[in-house]
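The structure under discussion is supplied below as structure tokens; questions concerning it will follow.
We just call them A, B, C, D and E in the order they show up, numbering each chain from 1.
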């Protein structure tokens, strides 16, 4: 906790405890901190939350990873199943990412069909994987025109505290790099794999990922034109827009998006790209350490 | 078709797993359990921690080796508007992650999940002082990240949910510990290499009394002829829920209930520890 | 959003006019509103304007696997989901009664009457067939959505060209539009819907009701016919009871209307073909 | 201050009913006292002729929910001539995770001259109001009252968008335009 | 050099654009916007009654529904809905109509690439037609970087999109251009420098594929210049419409 600003009055006559004040006037509460250059959780405006990556946490999945970014925890599991290829792409498999924001992770989500946010994040990840050509889908071919692998990449959010975009994409890339699929044999319409206890390079294969795009998100606060790196959920709820920069390991951009809030200058975008470059390097370091 | 998710192929199946002839798999004929380190009465070691989900009022994460699940408790919060009630409502929802089992599960809630949710709410309701939270709902959400045995999964869910409730500061009569046991037919001590050995159900003569395996894993469950899940309040020495399935003699059932009660007392120590640990953390 | 009922004044005025043998937009009882058909640059896209009612139909195709029990049958699918663009009574994901009715009538008129030869959509039996999809977008709702939708759907199917295919043995080659001229679908006949609305216990019968007329009507009926005077569907969903005579009377009117509309569709298609 | 050794969990037996009176966070069952929440055991002696009170100091406070007599802070969401509908956001100084719904009926706005009260002269949507819970209400809402000096609007925004300051118990003034708007004000404490 | 669609000669050329307003009778405002072979029809209803669940105390609720030309709406359309809604939210003076709904329905009529941009432009024209108060207007242009030639191609067709190594959608509001106009009338030398710096203000940006920072900024610059033409076009369309209405009422 940062040192709390002393004056938590909403009008001269009434004072409240910090938590009450935050509930009643979240924006004012945030500003009291921001005016001193810090955020309510003690971070600087431009700093990110501690992040950890763990690989292979789920043994029932063919590849998995758990990512924690501050209070946000996601688990990504990849399941490889056999499917018929599309008729117009007989030698290509499927790569299907989906993000689940279920009511367990925050009271903001209700049971039932995926919320707009879940759909948008799923689509963002789907597009990055597809457009920046992360995986050649021909690698997933088992028998042309007959059978291909379908990789179901499902991200479950266990605890939601903002910035699901970065956490989810990191977990997806980590899980994909963790994937090991048993080498298949195709015989008369049936795909078989050998039952072995230990997977090695003899009996299984890894995915040949062309690149590892990672995203870095910022929240935009319209009223004061403040940019917040790696926003938590309280900050997201008072922000009007977001900037997401996605880069691969060579520093090449894979996606840039700026949605909501007022127009932002080129200067601001450059600044975001710069910060994102540093942060994605740091994320990569964390990912490599754990592997 | 699901319009609200990224679409994949309409139909996909797990590949057929073919085991080599010399592959050795665990069968009930084996003297030891599937996990050779465990005796029949041993549970897997439990890892239990509170406070994983910071947006929830209370939360717990439990791991019994491969069985892993997270539980979040929200509330008391305004209930669904179905008339005035002096009592609160305990609402449980359990969801298996798509990758949590050997076979991929769907995104939609299936009947098994609905049944489990029902069991959970029956097992926990007697322990919660719902009379103190009129008009309100307490929501318990559980996500199973990995399941290694159905019974152990239910038991772990009960244990975790009860700890999460206590962590949420909700008034309870007692904690509820969950425990499971499976009845595994005991074969001859020397495994006979008959062809029927692969077919577990036929391999056992009816005369032999089954062995009771506490906290059976998935591999053992494949051979079970019955199982029991017990939810128990250790301090008050009361059972809140009991689910016995399959065929077993009365003596076996009462014996396994005894085993489960004993195990629940051990689990209670873990629960106690996890909660007291959280007392220290907040200071 | 809920729809407001028409006002008493509107109702009285409209009914009084009808009793004087006039409709408030100046039409005769058995007149359709002006029908306008416009085609896009692509094959299979047509916008229909029936007075102020607007419908866009777009036909698309893809190659898919047939059902195992019908290895030589192609697919014909209709999407008639209504959006709030046409009227705010339509909400996404919550179909109104009208939407359900329109969707079922289109199915009946087009698919059950076998207007399109689905057997002709087979490429390789048991392996590959064409799936034809008709997306019908309702843009503006000023009554009689069903007739407009039906005209849009059948015109779009007639206008549509699918890529040409050559089959050698089991191998099918699908040619791009550059390689070979695309081919039309084989449409057996042209079903046309003609809707009637009844007032004053069926004493007054009008065709092609506007939205206001639909709000006030006491009953309705939709005939689906082709130029060969074959009835493809007949729907009288509720409303007042009718004498058989009246129903037959309507069928005579419908036959005339169908001939007119069919001629207009064919003229429009020919004019468009000349431009290409 | 307190050691972990004093920490108890629900169901833990704390003592006999002949030794202690049951305090908060405990319940009695078959002559024994048990903890009902996670927390630290505390024994308070009030007087020598009474049994000491055994209570459990909650470690994790339960998410706040309204109870009769509780002082709540709420936001007005809509008004009509009969009542003002509010979202209860804070109960006894503790924020609620999800807002509860409440209404302040026209007869509960103030203590005197109840028949002269007009809701629209007392509350406007968006006002922050301090109120007291008077009953659990109906299936939907808790019933609240502002019929006391220290209860009423504590923060509001004027039509012009400025913040309002109380100038009397039934008037507030915009800091921007100095325009006066009617409200049932809470007396600053 | 010529473009794939053969009607254009320059990579920085937009396809001819066209619009018409007030096409639909059952909505409060509507507009169609075409970029060559791409066309989007957009309707606006509001301020209208809002569902209790979506009601906002201090402003109007904006709802965007995106309808694809072929098939049922999916996650892709949901993402576009959210993009359009969050981009329009700061533009619509929603505080003037609290507790109401402004509903925007976006329907693709013809698809030959650059649909997102076409939709943005159609939406703003429909809002104008419906008389919803706005703080400024927007203009959107899409460009791609060709995978073979590395050229920046403005307003790409479906064919060009398939060949792109990256795709960039930009939206600019007209505040920057108004600013630039004011300056240029005062001082010509200053104008160029203002234009440079003002070209930066991006209201919405969505880029995917593989590209460098330099390429991204270059795309932003090229699209900004092209968006001026769109702004001018929208302005002219509104002026014409107002003139016509004025003539009708005074006649």
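We take it that contacts are C-beta pairs under 8 Å (C-beta built on N, C-alpha and C of every residue); 3 or more make two chains touch, one makes a residue touch a chain.
Remember, it's a predicted structure, so these values are computed and weren't measured experimentally.
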Least step count from subunit B to subunit D, where 1 means the two chains touch: 1
Both-way neighbours, i.e. chains that touch subunit E and touch subunit D: A, B
Chain occupying the most central position, where position means C-alpha average: A
Most contacted chain pair (by C-beta pair count): A-B
Where subunit B and subunit C are represented by their mean Cα positions, the distance between them in whole Å: 56
Interchain centroid distance [CA atoms averaged], subunit B/subunit E, Å: 54
Centroid distance [mean C-alpha coordinates] between subunit D and subunit C, Å: 61
For subunit A paired with subunit C, centre-to-centre distance based on mean C-alpha positions, whole Å: 46
Per-residue overlap in subunit A, given as positions that touch at least 2 other chains: 84, 107, 119, 122-123, 126
Residues of subunit D engaged with two or more neighbouring chains: 75, 96-98
Two or more partner chains touched - positions in subunit E: 72-73, 75, 78
Chains grouped in pairs wherever the two touch, ordered by label: A-B, A-C, A-D, A-E, B-D, B-E, C-E, D-E
Sites on subunit C touched by subunit E in the complex: 1, 40-42, 45, 47, 52, 54, 56, 58, 60, 79, 81, 83-88, 92, 133, 135, 137, 139-142
Subunit C-touching residues of subunit E, taken from the complex the two chains share: 23-27, 37, 41, 43, 45, 48-49, 65, 67, 69-73, 103, 105, 107, 109-110, 112
Touch list for subunit B against partner subunit A, complex: 4-9, 11-20, 23, 52-56, 59, 66, 68, 70-72, 74, 77, 93, 95, 97-102, 104, 107, 139, 141-143, 145-147
Of subunit D, residues touching subunit A in the complex: 73, 75, 89-90, 93-98, 128, 154-155, 163-166, 186, 188-189
Subunit B partner contacts - residues on subunit E that touch it in the complex: 72-75, 78
